[in-house]
Every structure is written in structure tokens, then in C-alpha cells.
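Scroll down for the structure; my scribbles are underneath it.
For clarity, chains are labelled A, B, C and D in written order, and residue numbers in each chain start from 1.
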Amino acid sequence: MTTQVAARPAVNLKGLSQYGVYLAILLLVLYNIFFTPYFLTWSNLRIQLIQVAPIVIVALGMALVIGTEGIDLSVGSVMALAAALIPLYLGYGVVAAILASLVAGVVVGLINGVLVARVGLQPIVATLALFVGGRGLAVVISEGKLKDVRNPDLIYLGSGDLLGIPVLVWIAAALVVVVAFLVRRTVFGRRLLAIGGNRPATELAGLPVKRVLITVYVLCAVLASIAGLLSVARIQSSDASAVGLLIELSAITAVVVGGTPLTGGKVRVLGTVAGALLMQLVIATMIKHNLQPSTTEMVQAVIILIAVYVARERKTR
Amino acid sequence: MLEVLDVSKIFPGVRALDRVSFRLAAGEVHALVGENGAGKSTLIKVLTGVYQPDEGELRYQGEKAQFGTPMDAQHAGISTIYQEVNLIPQMSVAHNLFLGREPRNRFGLLDEKRMHHEAREILAGYGVTADVKRQLGTLALGAQQMVALARAVMIDAKVVIMDEPTSSLEPREVETLFGIIRDLHRRGIGIIYVSHRLDELYQICDAVTILRDGRVVHTGKLAELERIKLVSLMLGREMSGSFSAFKESDPEVSDAPPVLRARGLTSRRKLHDISFEVRPGEVVGLGGLLGAGRSETIKAIGGAYPLDSGDVQVDGVDLKKPTTVRAVKAGIAVQPEDRKAEGIIAGLSVRENIALAVLPQLSRFGLVSDAKIDAIVEKYMTRLRIKASGPGQLVGDLSGGNQQKVLLARLLATGPRVLLLDEPTRGIDVGAKAEVQSLIDELAAEGLGVVLVSSDAEELIEGADRVVVLRDGVVVGTLTGAEVTTEDLMATIAAGGNQ
Amino acid sequence: AKSEDDGSSAGSGTPASAGAQVVASASSGAATCTIDQYGGTKLDLKTAKVGFSQSEKEANPFRIAETQSIKDEAAKLGITNLTTTNANSQFNKQISDVEQMIDSGVQLLVIAPLNSDGWDSVFAKASAKKVPIITIDRKINATPCKDYLTFIGSDFAEQGKRAADEMAKSLGNKGKVAILLGAPGNNVTTLRTSGFKDEIAKVAPDIKIVFEQTGNFAREDGQKVTEQLLQSNPDINGIYGENDEMALGAITALKGAGKKAGDVKVVSIDGTKGAVQAIVDGWASAVIESNPRFGPLSFATAQKFFGGEPVDQDVIISDRQYGQDNAKADLASAY
Amino acid sequence: MTMTLPVATPEDTRRTDRTDRIVEIVQRQGALAVLVVVVLISFATFPNFRSFDNTATILVAAAPPMLIALGMTFVILTGGIDLSVGSLYVLGGVLAAWASQFGFVTAFAVPLLVCGAIGVANGLLIAYTRMAPFIVTLAALLGARGLMRAISSEGSATFLVQSDAFRRLGNGSFLDIGYQVWLVAGLVVLGIVLLARTRFGHAVYAVGGSEDAAALMGIAVRRTKIWVYVMSGLLAGLAGAINAAKLGSGVTVLGTGMELDAIAAVVIGGTLLTGGAGTIAGTIAGVLLLGVIQNLINQVGNVNSNWQQVISGTFLALVVVAQTYLVKLRRVS
């Protein structure tokens, strides 16, 4: 029936909701250019990109999970596990250490995925268990000790440059491209969105829903473990009790502020990157102006609300 | 009594109501008809305060009225049964019945005893005998619809509005409903009645208003309007002959080996040793009352309902323990009963919805090929005459009939051997219904096996070559031949009960 | 598993005696407490039921050394009935941990409190059963010898003050300094900040404190904040880290920003191995120690108390400090 | 985050009501069943666990989380979530301690007013802007914590409780059970009555069951939503206040992760995160279960703090999986 598409009166509004995050970033950058000394320098941009990289990587995985109408609280614990394993296996070389930490991600992802897809737990609860237990396990593995890492290859990942741009940023950018490609161009991406849109319907259509869901949780955990190992490389030490603390909230915020609805069925990869960047800039601005934590927190609250309000889905049906 | 003048309602991109005027007289049963998406439900929602009109005004009992919320309308004496059961499935039957107006004791607390007692009494009058403490969701849809009806009528209403109340009722329940409507009619209560089933309209309605594309195209006495004329007005084009699009002639059913063979399907208490087979080109109907287990049978074959025993064969190959994935691979395509909850993915485009199940075939190394997808989407959109602004339109924005066609397109794209269709024409208008029906014929003619479930007895008789009748999860008979009538079907169902 | 250091770290075990706590003020005029004043009965510590409540996870060198020291000393003294709990940084859990130990009949409580206030309900319970409480490392704001027996620990304000002295010395009394604050709301943070600021104002008014941001006592946060700091205040001369972890993070940030050792003076508090090593390497100027080895002093105090001798109400330990002169030599005794 | 669970599947109409109800009770009160089993085992194993004092300690410690979980139950029943409760809890405590200098009544009034107001803000935003509750209350979590830090000079100032009456409420007892426990018990009973026996309670279930249907049935959906967030805010503030009374000061280093504990307790208690089904009795069992686990770990004694987390996490997973299994059993049988 609806052979419609009569002139859309709300074009401007819609544009605003699509590009709200980018607009917010622009405003914040403009503010900083005028009011923050030394803001417009390459070294400053570099620091911001380096600092945001781990959050972006975690948020990418989170966006995939949220696209299936799920949520993953365990990402911080996965980072801790990955971090805890690195010093243990660094003796075999950097490749072994990285593999060990990725395996940790795979295992956690499998557990989450099976709990969600097969046992049928609600994602927030399924991942809560590993949120609590995972970090404990990581600290047990590391015997509660912070361990310095000196392996030059690993440290290169965290603080080296390639063609003038930090390796860390290259890696994050590459992962963004991969995930964007995954969502837009692959069968897996389409299936993921379909599950988020209507899981019973997807199941009845004969799609391997459980397999896709498990894969999504594994991907999310593996991305988190990459973030974990990169954090270790950057801090040049492994501290299982601290790495990735509360990152789940930052990641979820980045995803949602970036315009991906928590109700699933839609993933905005670039928006997610922008969301993370926005929150990073907010924090950087607060620190540069030497504001108190109380102010920082309240301003963050307001910015999250405004960004999400602008980007919220208008209910049309 | 209740009147709207020049009301318009605009949704982003659609003018759902365009200067509609409508008048309900006291004691009148007024039919509201129109194609899917004509604006019937929207008009009702405007009348009852769910939506505020963008233009025009509302008059109630001679005075200008404005309802901010459905609650306001209810207080004013306008009671509504909305399209699709709108009750709370997790709550008990009694709580649903009284929600928002529960009886209270002198401490202001709910009087559960009284509530249960009264609920039992009221529902008995509607032929519902289930335990009122049970979760509503565990009742058959028909019973749920009766609860919704009871809820709407039990308040002291002056106007009762019913949006497609019969789409999930069985014939006996429809009779009960009509009894109630006649009673309301006698008491001088105005009734607005929306339905796609034309027979019903002529049975009980006095007046009719026809909507098309959000505009009123006709209003007047129903008796003065011929059926054929009514349909033409609705569709905006001439309709000729029969309303059922099924071809009269029975196609040659070959004695080729069956494409689908279900044997001894049994599932805890719900299905008992159900066996039947479908040959290529054959349409097998599943008959029975609501709750007979037809939907479960279909889902079981499609791998979506757990079986305790029994097996399913496609082209002689056994599907060991059917799962949805295996069933689709083997060539079984299921169109579920509940389009919104289990069928379409409303937030995705027509294109994505159609391509969903065949993505692996349309891709290489896991990468989708846009060209291939476009080709297949184009093919089915043309073939099924899907009306959408383009392949990119969200399915949730389509009319019911077109949503149904998108769903069919998804099934057909998988290149199935057997189609299992559960209520394929529920809630879609006569035009779309005819299209879907002729499509079923066409597909069968191409050699597909089709299983058809429909609560509409006529559709079943005309559409199917053979009807397998179920009752309480047991096969109680099979009707074959061109001479089968609705009466035969009813008789078999009834006889099944006496065994 | 095989770590980077396997094979080379054979000699890392610290001798138990190294770095033992020393009481600072043995001044005879200080207030004391006896078992008669406090109430309770004499008993033999060996057979007594002892409870130790740790506040934070054993996930950093300070807490690990602290808990270990209590356990080791108990084992050494032959105390068999020691219960330990850990509140995982949740204050309410620490309160109920302690209450539960009182319920189960402990006769001596050693508490490393997470917070200085909020102990009312514990005191009420403990005083009803006359269980002596020794608080270690952080002081509780209450009446000694009544609510609790005694406090053993460092003077945090004094630590801040000493850090300020070292900072002033290494900067030659002028320059711009940034503070990496500890976790907000923590009285360690508060005291180490006020001690530092007051002393700077007194001894080196030409030193400007231009930047104060929290690093939550964590290395990563210390690094991140310092990175931002170096962008907005490239001319910074000194960084005061309220613990070693943040200072080490700051040093990583300094390295990342292309600074050389000694360009920016770093002073911090705690005395962990990593920080002392940083002095040896030239990145840090000084580290004020906060000694976590509370076991021997705690049990010695308890033994005195149960034996009827008076004990000081405030046992302030003297913290050492590490600088260029002694860092190398004392590295082994850092924790 | 609201996963669609198959909530109600059609069941055999012929099944007798009684079996239906017994199975349903076991399913619904799975947490209670687990709690009973755990308590019985602990009774047999740990002599100290049996003591009256220990029980009283568990109950007192469970009082503030119980209030928070009570509010959370209402919120989750409507299909929402409230992440701000941990922050409101700390804020409530700090405000109560500060306000106690003006007397007993203000010590309650101030935190209730402020936390209630934040609840109103949560509710309004969620009801009127259709923003996800998760994100609105996440912002409130940050905002409330910021506010708490702002009034306590970045958390460094601890207000001491000045009112003796207020302090007594925290540490006094009646029949050897703390006043707080009585207060909480009273509120829980009120909550149960409110949920099961009033129109508001039924509206809460209806909104969680199906928001659209509830609206069409004439339920004031927005008002119901606003109220549950107000209740959640008020109860979190009250929990903070009674905790401050117990501790004797407005401790600022509390409350992180409290919201997740509350959510875990509610879910362990059998309430669906999708809303529409669940009971307060289940929530109580959930809170007590978490408290008992904590207590048991201490009873075992000398468990490394890091293992404690591992054990808690594993236990949580086991309980929830067991719950789900019970639900499935019910569906199949």
C-alpha cells in the first residue's frame, strides 16, 4: 500500500540525529582550539588517539553484541585475563604471549556465547558472572602482582610508530575497517542484524542463530583481549587488578552515544568510533582545564544525555 | 453519537487519514472497511485518544470532545478492542479482565476473591471456562480474544469499537460474538466493526463506511450496497466473479512419490501420532478448531517445535531430528502464524528480509554479492507484485498484505520443495488475499507440495485438494475430492470429538 | 608457562628481616593504654583466636606485603587460630567481615581499614565483647583505648611533607609542579595532598602547583593523566605522585613524550621495588617509604597488652626514604 | 538489552491446576529453594554459622542492599533498569550524615528529597523521551556521584552523624535484631502489598508485560514508569541514610558495583529482565543468598581474596543456570 515517500518534512531533524555525535565532536574541538592552550598540535592529537584506541577496540565488539540485542559486561575482565597471561608466556616470545591472551578471549567468549545462545540466559546476567569471576581469576593467575614487561616487540606495539602514526592507532583503525566490513559486507553481518531485529523470526527462517550468537560473543571477547594486550604493551606492565576497570560502561556509552540502539538490529561502526572519541575529548578537556572529578562526572552525565537524546530513534511504528 | 469531522492524521511520510468524516449513530452497527493500510485502525486510534488528530475535530454525544489518552475515552464510555489481542500475556486472565479497574476492599486493596469470582461469571457468558487464575498467554488465541471482548463490553459502554475481532475466532466463537453484538445493539449501544470478512459484515452491520488511502470513498446503508460494489470501492478498481482466487479445477495430483511425509509426529500432550503426506503439486489443508495443534504440527515439521518421536521425510530422505536449519536445507519452508513476532524483521529492509535465508547462496567466501541479491529481490518483488517504495523500504512500514508477500518471497527464494503456510491470509484485505491465494495455486502448479492451515473454512475447502482434520493433536479424518463442503468439514471435526 | 624473567629472578626473595618497621617516637610522655583501662582479660596470644581484616585485594605490592607480614608473624609466633578476611575495597563488606569475626569469637582484631570513618557499629559490637582492636596503616577517627586499642602506622601528612622537601630540594626551590592525586575520597589522598601543599608553601613558595588530577592510585591512570598534562603544560618541572604506581605511569608517559631521565623531577610515596629501581635509573628523584610490614609490631603490641603492660595509643613508625644516595644499596629491602 | 524471551508458551489446557501451581512455585521460588539448601548445608558444616549473632549480622548487612533491590524489582518489572542506585546510595548517606546536624527528621528528609528528585528526573526522561533506561540511569550514576563529590570536597570531607536518635536507629536493636532490619522488613511487606494488592502494582506488571497493550487498556504507562524510578531513587537514598546511621558517618567510598549486585539479586530471585514477571519474595531470597555466600566464604576462612571473586562468579552462574533449567523444565513438562 504505502507507496509513500512524500516529502519528508523532518529531513533536518533526521540529519541531526544521524550526525549528532560528529557535531558534538566538532563543537568540542572548536571550543578547545580557542580555549585550551597547545590543543591544536600533532602530539596532542596523537595522545588522544592513543588513549582512545583500547576503548574503540572494546566498543567495536560491544557494538556487535548490542546489535544482536545483547550486552557484554565481561569485557573488562577479559582485558584483565589477557593482561595476566602475557607475562606468563612472554618467555616463549611475543607471539606465544599474544596467542595465549587471545585464547583467553576465545574461551570467555565461548562461555558467554553458550550461556546466552544455548542455555538461554539473558545476556546481562550471563556476562555478569564472568564480570565478577573473570577478574578474580586474572588476579589469581598473576598472583596479585603487577609485572613489568620489557619485551621490545611487545612494547613496540604499545608505543612504537609506523609511518609516523602510532602502531596502536594503526591496529585500532584496521580493526574498525574489519568490523565495518564484517557488518556491511558479510553474510555473518546480515545475520547478526537479523537476530537483533527479531530473533524468533530469524530462527524460523532457518538461520544458524546459535552459531552466530556464539561467534558474536567470541568476537567481542577477542577484541577485548586485543585491547587488553595492547594496554599491557602501552603501560609496559601487566596489572590484572587495574587494566580495563569499568571499561564496559565506557564502551557501552561509546556505542550508544554513537547512535546504535540498545534494542538491537542496527550497528553503527563509525558512530561508535565517534562516540568513543567524543567521550575521550570530554575527559581530556576536563583534565586539561584541571577540573575536579566531581565536575568531570557531572559534565559527562549531561553530555551523554544530550548526545543520546539527539540520536535517539524516533518510534515510527 | 460519535462523530469526526474532517480529521487528518499525518505520520512521517504518510497521510494516514485525509479529511475523514465519519458518523456513528446510537444503536447502529457500523462497518468500517478498506484495504490494508487504508487507515481503519488509525481512525479508531484517533477516536479513542491513542493519537491526537492533526486536523479536524471530534464530537461525542453532540459535543466537541478531546481524549488525551485511551483512559479518557474509556471513562467517557467508549470501549475498544484493538486489532491484535492487546492484553498482557504474563498476567492472569482475571487480572487482565479487571486491569485498571480492579475491585477494591475497604482498605483500598484489591479484592482478589471478588475479582476471581466475577471474572469466572462474566467469562462463562462468553463460553470461556478456563481457570481465571491462569496466565492469559497460556490460553488459545480465540479465548484471549474473548477475554478482550468481555473486558471491553463489561464496562458501561455507550460505544464499542471492534478492530478485526474475528480474525482469530473459530466459527462457534464468532457466533457467540454476534450474539453479544446483537444484544448490545438492542441496548442502543453504538458499535464500530472492522473486518476483512465480508460475510460477517452483511450478517450484522447496518451501515458501512469505506476508506481508501486515508479518504472516505463511500458511506451509507450496507444493505443498499452490493458485495461486488463494496469490493470495487475498497480496491478502487472493478472486481469480477468469485472472491476466492483459488481455481475451481483440481489440478492433476500425480502419483509421484510424496515430497513430504510426516510419520507418527508425537510431542508431549500436544501432538499424538500425526501422519500425512504431500505429493508434488498438491495442496493439503490442515483443518480443525483453534488449538487443534495445526500450528504445532507445522512448526514440528519445520524443526521449530520439539518432537518426542516421529519422523519427517523430504523426497524420501529422512530428516534426522529436524532443526530449523536442517529443515530449510532439506527444502522445507515455514510461514509462521504470527507474522509480526515470528515472521518479518520489521527494522530491516524488504531487500534484507527477502535475501535473509539464502545469503550463503548469494555470497562467496562469506562476502555478500549485491548484484546477486538485487537480482533475486527484483525477481520476487515483481513476481509477487510486492508494493513498496523500493527494495530499501523497511518491512515494518508495509501493509499487512505486502508484509505477507515479503515473507513468502523469503520462503520461495530458498527454492523449497514444500511450503508450510500457517494462516497465510489472516488479517489481509480481500485484494491481497486473492493475490496470495492465486499465488498458492501457481506454486502448487509448479510442483511444490503445499500444506495450508486456515481458520477460514471456505478458504481451506477451496484451496486444498485434500483436508486432514485434526482435533486435540490427533488426526480425526481426511476429506478428499472436489465435492467437499464446509458442512462436511464441520461434521468431521465434531465427529472426531465423539470418538 | 614461562615468564620473561624465568631463571634470572632467583635472588628476588627479600630476607624477612629486611626493611622491618621501626617505631618513630618512643617518647615516654605519650598516652598509653593498659588492659585495665581498656577492659578485657589477659590471655596467651598463641592460643587466642585472632582476626585480620584486609581492606583491599591483595593485588598490589603494599597489600600483598601487609597481609603476608601478618600471616608470617602469626606463624612465627605459633598462633594457629588466625582468620583473615578481605573486603575487596567494599567498605560495607569490611564492616560485616569484622562484625562476623566478632560474632565468631575472635579475641584480637587487627584491621587495615579502608576508610577512617564509619566504624560506629563495629565499635559497639567490639566493646560489648571487649575485643581489642589494633588498626594498622590507616587511622580510625575515634577514641584510642576506648573505641579501639591503638593505631600502628605511618603519618601520611608527614609523608607528604617529606615528599615536598625532596621535591623542593631537587627543583632548587622553584618551578612548576603537578600532583597526581590518589583515589578521591580517600584520607590517604587527603593527607598526602595537604602535607605536600602546606610544606611547599612553607619552604618553597616559588614552586607553583599548576595541576592536580586524580590517578586513582593506578599506574594506567597515572600515565594517561600525565600524557594529557604534558600536552597542556609542556613546561612542567616536577611531578609528585601520591603513590609509586602513578609515578611509574608518569615515567612511562615522560618516556613516551621523548623526555630524558631527570628532565622532570618525580617524587613519590610507598617505596616499592619498581619505584626504587626508577631512582637507580635516574627517572625518579626520591621515594618516601610507607612500610607495610605490620606483622611484628602488631603482635608485639598485642603481646604487651595481653601481658598487662601499657602500650602506646599511637605507634607511629619511622618511614625510610630512598634517594640517589641509597637507592642502589637498599633496593633489595624495598617491597 | 531487552532480549525477547519466550515468556508464555501455550501449554496443555488439560493439565490440572494443582501440578501447575506446584511447579510454578518451585520455578518462581528457585532462589528460595537454593537459599534453603545452602543454609542447611552451612548449618551442618560451620558451627559459627548457626549462632544467632551471625544471623543478625547477616540480616543487618543485608538491610541496605535489600532496600535497593526492592526498588530495583519494581523498575525491572516494568522492563527497565536503574544503574544509578549505587551512586544514590552513597549520596544519600553523605546527605543524611550532613543533615543529621539539624535533627532526626531532616537526616531522613534531605536524602529522600534529593534522591527522590533524581529518581523523578530519571523517570521523566525515560517516560517522555523514550531514551533507554540503561543510558539515562548511567548518566544519573555519573551525575549523582559527581554531586556527592561536589558536596564532600571531592570526597575528602566525611560528615559525622550528629543526631543521637539517628545514630541509635543505626545501631540499636529490638529483640536483639537491629532496628534497620525491622524497618526494612516493614518496607518489604509494604512493597509486597503494593505490588500484589494494589492497582499500581498491577499496572507495574502490565507495563512490563506489554507497554503498548497496557497503554491501550488505559493504564497510565508514563506515570507508572515515573513512579518506579522515584521509588527506586527514594529507596536507594533511604538505604544510604540507614547505612550512614549505622556507620555513624557519611562514608564516601561506598557503593561502586552496588547496582550490579542489586540486579543480580533481582534476577536470581526469578524476575525477568524483560519485565512483567517476578516477585519481591524472590528478590529477598536473592539478596539473602548473596549475603550468605559472602558469609560462608568468610566462614571457610583464609580464602584468598581473588579466589573469593572466582567463587562468587561461579556461584552466580550456577544459580542462574539452575533457574533457567527450572523454567525450562516447567515449559516442557
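Some notes on this structure:
Convention: contacts are C-beta pairs under 8 Å (C-beta built on N, C-alpha and C of every residue); 3 or more make two chains touch, one makes a residue touch a chain.
Values in this document were obtained by computation on a predicted structure and should not be read as measured data.
The chain pair with more C-beta contacts between its two chains, of C-D and A-D, is A-D.
Taking the mean Cα position of each chain as its centre, B sits at the greatest distance from chain A. Averaging Cα coordinates per chain places chain C and chain D 35 Å apart.
With centres taken as mean Cα positions, chain D sits 29 Å from chain A.
With each centre defined as the average position of its C-alpha atoms, the distance from chain B to chain C rounds to 72 Å. Chain B and chain D have Cα centroids separated by 42 Å.
Shown for chain D are the residues that touch two or more other chains, namely 149, 154, 304, 306, 308-309.
Those residues of chain C in touch with two or more other chains are numbered 57-59, 184. The residues of chain B never reach two or more other chains; the list is empty. Because contacts link the chains in a way that matches no line, ring, star or complete pattern, their graph is best described as other. Every pair of chains that touch is listed here: A-B, A-C, A-D, B-D, C-D. Every residue of chain D that touches chain B in the complex is listed here, in rising order: 7-15, 17, 20, 193, 196-199, 202-203, 205-206, 208-210, 212-220, 276-277, 332-333. Residues of chain D touching chain C in their complex: 48, 51, 53-54, 57-58, 60-61, 64, 149, 152, 154-156, 158, 160-161, 167, 170-171, 243, 246-249, 251-254, 256-257, 294-295, 298-299, 301-302, 304-306, 308-309.
Here chain D touches chain A in the complex through residues 1-6, 125, 129-132, 134-136, 138-143, 145-150, 154, 260, 263-264, 267, 272-274, 304, 306-314, 316-317, 320-321, 324, 328, going by the rule given at the top.
On the side of chain A, the complex with chain D involves touching residues 66, 69-71, 73, 115, 119-126, 128-137, 139-140, 144, 199-200, 249, 252-253, 256, 261-263, 292-298, 300-302, 304-305, 308-309, 312-313, 315.
Chain C contributes residues 54, 57-59, 82-86, 88-93, 95-97, 99-101, 103-105, 114-121, 124, 141, 183-187, 189-190 to its touches with chain D in the complex.
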